[in-house]
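Alright, structures below, take your time with them.
Here come two complexes built around subunit A, the first alongside subunit B, the second alongside subunit C.
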Partner chain A sequence: MGTVKRIGWRLLLMLPILALVSVLAFLIGVLTPGDPIEAQYANRFTAEQLDQIRATYGLDLPLWQQYFVWLKNVAVDGGGISIVLGVPVFDILGPNFLNTLILTLGGVVACVVFGMAIGATAGIFHRTWIDRAVMLIVQIGSNLSIYWFGLVLIIVFSLQLQWLPVGGMQSRNGGGFADLLAHLVLPSLAAGLISMLVLARFVRIGIIHEVGTEHFKTFASQGIPRWKLYGKHVGRNILPSAVNITGLEIGTLITGVIFVESVFNWPGIGTQLLNAVNGKDYPVIQGGILLVAACYLVVNLLTDITVDSLNPRLRRA
Partner chain B sequence: MRRIVSGVALIAASAVLLHGCAAGGGPAATGDAGEPVEGGDFVSALYLEPRGLDPHRQVFWETYRVSRHIFEPLVQEDLTQTEGVPDLQPALAESWESSDDGRTWTFTLRQDATFHDGSRFDAEAVHQNVQRVWDEDYEFYDEEAAGRLQVWFGNLSEAQPVDDFTYEFTFSEPFLGFPRILAQSMYTLPIGNPAVWEEHGNDAFADQPEGTGPYRFVSRAIGDRIELERNEDYYGDRPYLDTLTFRIIPNNQTRVASLLNNEVDHISYVQPDDVETLENAGFNVPEGTGAQLIYLSFNYDNPQLQDERVRKALIHGLDREALAEQVFNGYASPQYSFLPPGNEAYDPAVRDFEYDPEAARELLADAGYEPGELHFNLVVDVANENLAQWLQDAYGQIGVETEIVSLDRVSYSARVYNSEEGDGLSLDEFGETNAEWLFNGYNGLTGRGLDQDDYPEVTEAIQEALYTDDEDARIQQWQEAEALLRENALVIPAVNLTRYYATGPNVQGFTFASTNWYDLSTVWLSE
Partner chain C sequence: MADLATAPKNASRLVPLPGRRPRTVTGRNLQVGVALVIIAVVVLSSVFAPLVAPHDPLLSDPASKYLPPGSPGHLLGTDDQGRDLLSRIIWGGRTSLLIAVVAVAFSTVVGSALAIVAGFAGPLLSGLIMRTVDVMFAFPVIIVAVALAALFAPGPSVVILAIAFAVIPYVSRVVFAEVKQQKGQDYVEAAVSLGAGHASILFREVLPNVTTQIIVYATSLVGGMVVFASSLSAVGIGVQPPTADWGQMIATGARVVISGNLYVALFPGLMVLIVALAFNWLGDGLRDVLDVRQRSGAPSRRKTGDAGADGRDTPVGAAGPDGHADASGPAEEVPR
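Let's turn to the complex of A and B:
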């Protein structure tokens, strides 16, 4: 199959998945404990008045009808109106979603850069104390709570060393790309932590495996410098699986981002979802879940395309 | 109140390492550091996302702490007062008086105020505000706002301008508490610019809020910040600060860390564990008493708690001084009245059923419960788990078995509205300065299953105080109503938080007012 055809096929497959996800997102919103209207207005209105308000939000319709009304809202009406804040859902989620993407991207960069570096260090120095020391740190790191790790980063790098800001996306006197980057460093490290350690393990194993192969031994015995072998052969062979792992890990990373946003006060979609859940704000919960799920699907597609293009055998086929 | 995680201790430790020596507890107002200087950008960190900035729809104190700098009421409370009942002061009304029967209130309006778009503030503008929340024939009648204001404006029978700068309200019943209610934050009538809703509609008002206040709205990014700038045309004293930014930082540790790292100048809702850290690092954590009360609500759907003896026993079994000391590190004061400090009818001398475990055990035996026989659930928000554990221990000592049901915030509020069998106590927080607040608080108990018909004497006493036309007897009537409520053991008042805000070392002129909000127009930055 040609590349274009493969991508087309994947896109087509996404449609039923998206439909399923939309049903799930809708149900999760509706099935959240509690009643948004009661939470907002109880003690101030009579039962009839509450019913009236429910009707204005269409909450008196049968579930399946509510679902289609919601789909229509998503398609043409900005995701419906937030029950708590009274503005269109995508007006709330849009800017925050962009912020979450920025943080996720930061997390991915941290994951790839540090994951590769840590894994390569351990792999290349396999069977030495360096490997053992690195792997011990990896072991410990994998079991840290992101929330706790985030606080430790704040204490060390913000409060003690005063190198980096505690939270938010901009300084009080605001603005600029460098300022944004400064705010991005710590949350990215926290967001990327778990994934980078997973990636590091794969890279390490990959290197150990490649170094053990016959062709590597043959090349090495011919006197080709090691660094050349690592770059040209080992690196090339482990790259596709590294990309694959990174792609898969983005899912984990997005989950972690929600905690990271809370610790670093990053104005992202996670904070909004938490608020929405607290206020039982159905439309925002539903819209948020749909956005995150769609994002995950797109990332998966991009990962597959990247893996394909890194693998010459698939490209020629 | 707070959630204990290892991070708190870590932040505390690091802050001490970082800043070293102590500064000591501060008074309610931050001290003088020479002459006030103009200028500067002030950043405050809120613990909750404010709701829509609409004067007639707003709920939550955090919303009003922002919006009161944009909208002004007709009457305001003196926010420089740190103790007792704050005095009423002219705001958009220069003076006010009631008719002898207490049903008609006439307000003389100030003539030099303008809205942020330059248009004139006058009686007609007040009228449009009133119409929006009360007159169903008005084109921009707002059902949502009207529903919220119903509690105080339900008896409004007539309202109209008398002349360009005089406005008159007439109620079907006497309403002596009206001026102070106008000075409150929710379910009342701060004045917004009618031109905005007439042009953009009621729903869009919160996106471009305009009033007459010392600051004007610039922008809002939901989940991040709200920005205000000085109103250069303000009729009153010129505020010192150029801009006010309210950042939303719900995470307790991050909020404190942001202050410690000078990223913000001011924070709300300081946690008891952080007070010492902040003071040691040279920050001000003013001491004060807001008009706020943390109290335990009975679940009246639970038949065990419909027995007055059981409720009394549970009040007798609670050592509130120890609670304030042990759970709140002493940064709270024990409370025995359902009226919070700062309330007009608050009497610090009243006592309900004081700590007496022996009396508690006797009452329980009288009600037919041997030690260990009475058991129910303590339903709490996960953030209050430590308080629940403390209660569990305290009640264990009077032979009451409790199980802690610790829920996330969503499930918590859902659970207390729709209680399950076996649920016993939950935790609430509320309070205002007006005596009429008791009516609100009492109504709130119906949300915990209380049927007001079961306590006709309390209900009647509250109605009587609400509609009294005797100014001299009014406060006393509210106190009597509160006493009845207290004697029936309808609620367990617990504590009032005495440290609530913290400010940076260079923040001057901030006052922890004896109500639930503050005035930033008198604040300035030294250095």
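Let's turn to the complex of A and C:
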């Protein structure tokens, strides 16, 4: 089976999921108790005018028609008009989306770098106190609430040590790339926390397994330096599963990112979504949910392709 | 001692390698004991909160704002409204634990039911259920939580349903693997040959043999869900103020951290951590004591021809050589 065909097949499988998410996102706007139009305009307009407003939002059509109107809105008209802010949804979400992407990327980097490092340390020093100490830290870390961990990071590194900024994405007077990086460090660490520890466990187990294999023992007995073995053989063999785990962790990471945005006042999609929930701004909620879900599915697909290319043996399957 | 000193060099191989010492029964018992004590204290103080708590958790007192820990009458100090932190933590335990336990119990029942149906149904229904579970698996739960919060108002029910969405895939994978494994056993075959029907095999043969695993697994999930629930409440889509809840308290504390009042957020967060660790230890301990071998519910993206030759799968399911898989099952992969 060719690579193209397989990717095409996965793309095809994505569509029903996306359709399902879009129906659910649409239903949020319909099923919610209370009429948003009435809530927003009732004190200013007559019943007839309210009906007119409903018609402009397409709220007088049968349900299935509303769904397609909404889909067209999402596809063509920027996701409909925010009820609270009165501008197209994707005009609101667009810049925030980029910010969230930056933070997610930071989270992935933190996850991969620290996850690999922690896992490798524990795995290479297996059966020593280093392994046990690292694994204790991993266990404690896995039980931390991301929100609280972010807060503790702020307390330690921003308030006590004053090394890094407290929150937000940029200093008040702007500050370019270095400034952004400084703002990115703590949120990335917090967002990637759970994922990096999951990855660390897999890397550790992977290393322990690889070191126990016959080929490793043979190479080691031939006097090939350990670091070379770890780099060339162990690393190469656990890489596909590490990528796979990282890909599976994207969902967790997105959840973490949204928690973290709330702690660090990061101007991202999570902050926007949580605000929209409080303001009952359904178009924004619907657009945001659809956007995040679509991104998640795309990343999922990309991970699959990467895992494929890293492990040719899977291609036969 | 003298024996050791005079022993031949290679005899040292008989002495357990450092770090290889098997975790002894007493060590495990100690761990389970500590966990049980912590859980007992927290559960009892939550149940008897009205009797135990020194103050009303909702009673604000502008005269005694931000009292530091150790103040007379306020062991852990007070928050931004002068409410007693210790009382709020005790009452908060009620909300936080109740949400986590109810959510996990609910998801366990639903997840197990799905898995058992999938285990006994034909390939079509079975495939449909397990594919659906695959899609739910690793889907960003926060999206579901936000959608639920938009549908219903933010509150405990949102947290419970969001947790259910996150946990059901894990439970059903574990139970599905378990049911499949049990179905292949001789005793089931014997029952079939005796003419037992589906229902009889299910309820009289398989179910009694998987309940222990299910309960142990569910126990290990509670801690993580206390943590996750606290995060949801902290970002405002869970328990709403002024109700005392650990997540809610962390959020309240987060707002006053900048003014130097750190402990308002620190104490509830520590409680979440301690309780989560205790449930983890209890789960681990139960698994060892009851000798439950959990089949990994860890996901594999695609069925492969031979899992053995698949470099990806080997580390995933492999236990450490010391028999203790520290990637101890999917329990720890549930998002927080």
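Following the convention adopted for this analysis, the second predicted complex is superposed on the first by the 278 of 317 C-alpha atoms of A that agree within 3 Å, B and C clash if a C-alpha of one lies under 4 Å from a C-alpha of the other, contacts with A are read in each partner's own complex, and residues count from 1 in each chain.
As a convention for this text, a contact is a pair of C-beta atoms (placed from the backbone, for glycine too) under 8 Å apart; a residue touches a chain by one contact, two chains touch by 3 or more.
This is a predicted model, so every value here is computed, not measured.
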item: Subunit B versus subunit C as contact partner of A:L151, first or second or both or neither; value: both
item: Which superposed partner A:V84 touches (first subunit B, second subunit C, both, neither); value: first
item: Partner chain(s) touched by A:I250 [first = subunit B, second = subunit C, both, neither]; value: second
item: Larger contact residue set on subunit A - subunit B or subunit C; value: C
item: Partner chain(s) touched by A:G115 [first = subunit B, second = subunit C, both, neither]; value: neither
item: First, second, both or neither for A:M169, with subunit B first and subunit C second; value: first
item: Partner chain in contact with A:A25 - subunit B first, subunit C second, else both or neither; value: second
item: Partner chain(s) touched by A:I92 [first = subunit B, second = subunit C, both, neither]; value: first
item: Which superposed partner A:I140 touches (first subunit B, second subunit C, both, neither); value: second
item: Which of subunit B and subunit C A:Q272 touches, first, second, both or neither; value: first
item: Where subunit A meets both subunit C and subunit B, residue numbers; value: 32, 147-148, 151-152, 154-155, 159, 166, 262-263, 274, 277-278, 280
item: Touching residues on subunit A, where the partner in the complex is subunit B; value: 32-35, 38-39, 41-45, 49, 53, 84-87, 91-92, 95-96, 147-148, 151-152, 154-155, 158-160, 162, 165-169, 171-173, 262-265, 267-268, 271-272, 274-275, 277-278, 280
item: Parts of subunit C lying in touch with subunit A, wherever the complex brings them together; value: 17-20, 135, 138-143, 146-147, 149-151, 154, 223-224, 227-228, 230-231, 234-237, 247, 250-251, 253-254, 257-258, 260, 262, 265-266, 269, 272-273, 276-277, 280, 299, 301-305, 309-316, 318-322, 325-327, 332-333, 335-336
item: Subunit B residues within the subunit A interface of the complex; value: 5-7, 10-11, 14-15, 17-18, 41, 43, 49, 51-52, 57, 144, 147-148, 150-151, 187, 203, 206-207, 221-225, 245, 247-251, 253-255, 257-258, 260-261, 263-264, 409-411, 413-415, 417, 443-444, 446-447
item: For the subunit A and subunit C complex, residues of the former touching the latter; value: 17, 24-25, 28, 31-32, 126-129, 131-132, 135, 138-140, 142-148, 151-152, 154-155, 159, 166, 194, 197-198, 201-206, 208-209, 212, 237-238, 240-241, 244, 248-252, 254-256, 258-259, 262-263, 270, 273-274, 276-278, 280, 282, 285, 288-289, 292-293, 296, 300, 304, 307, 311, 313-314, 316-317
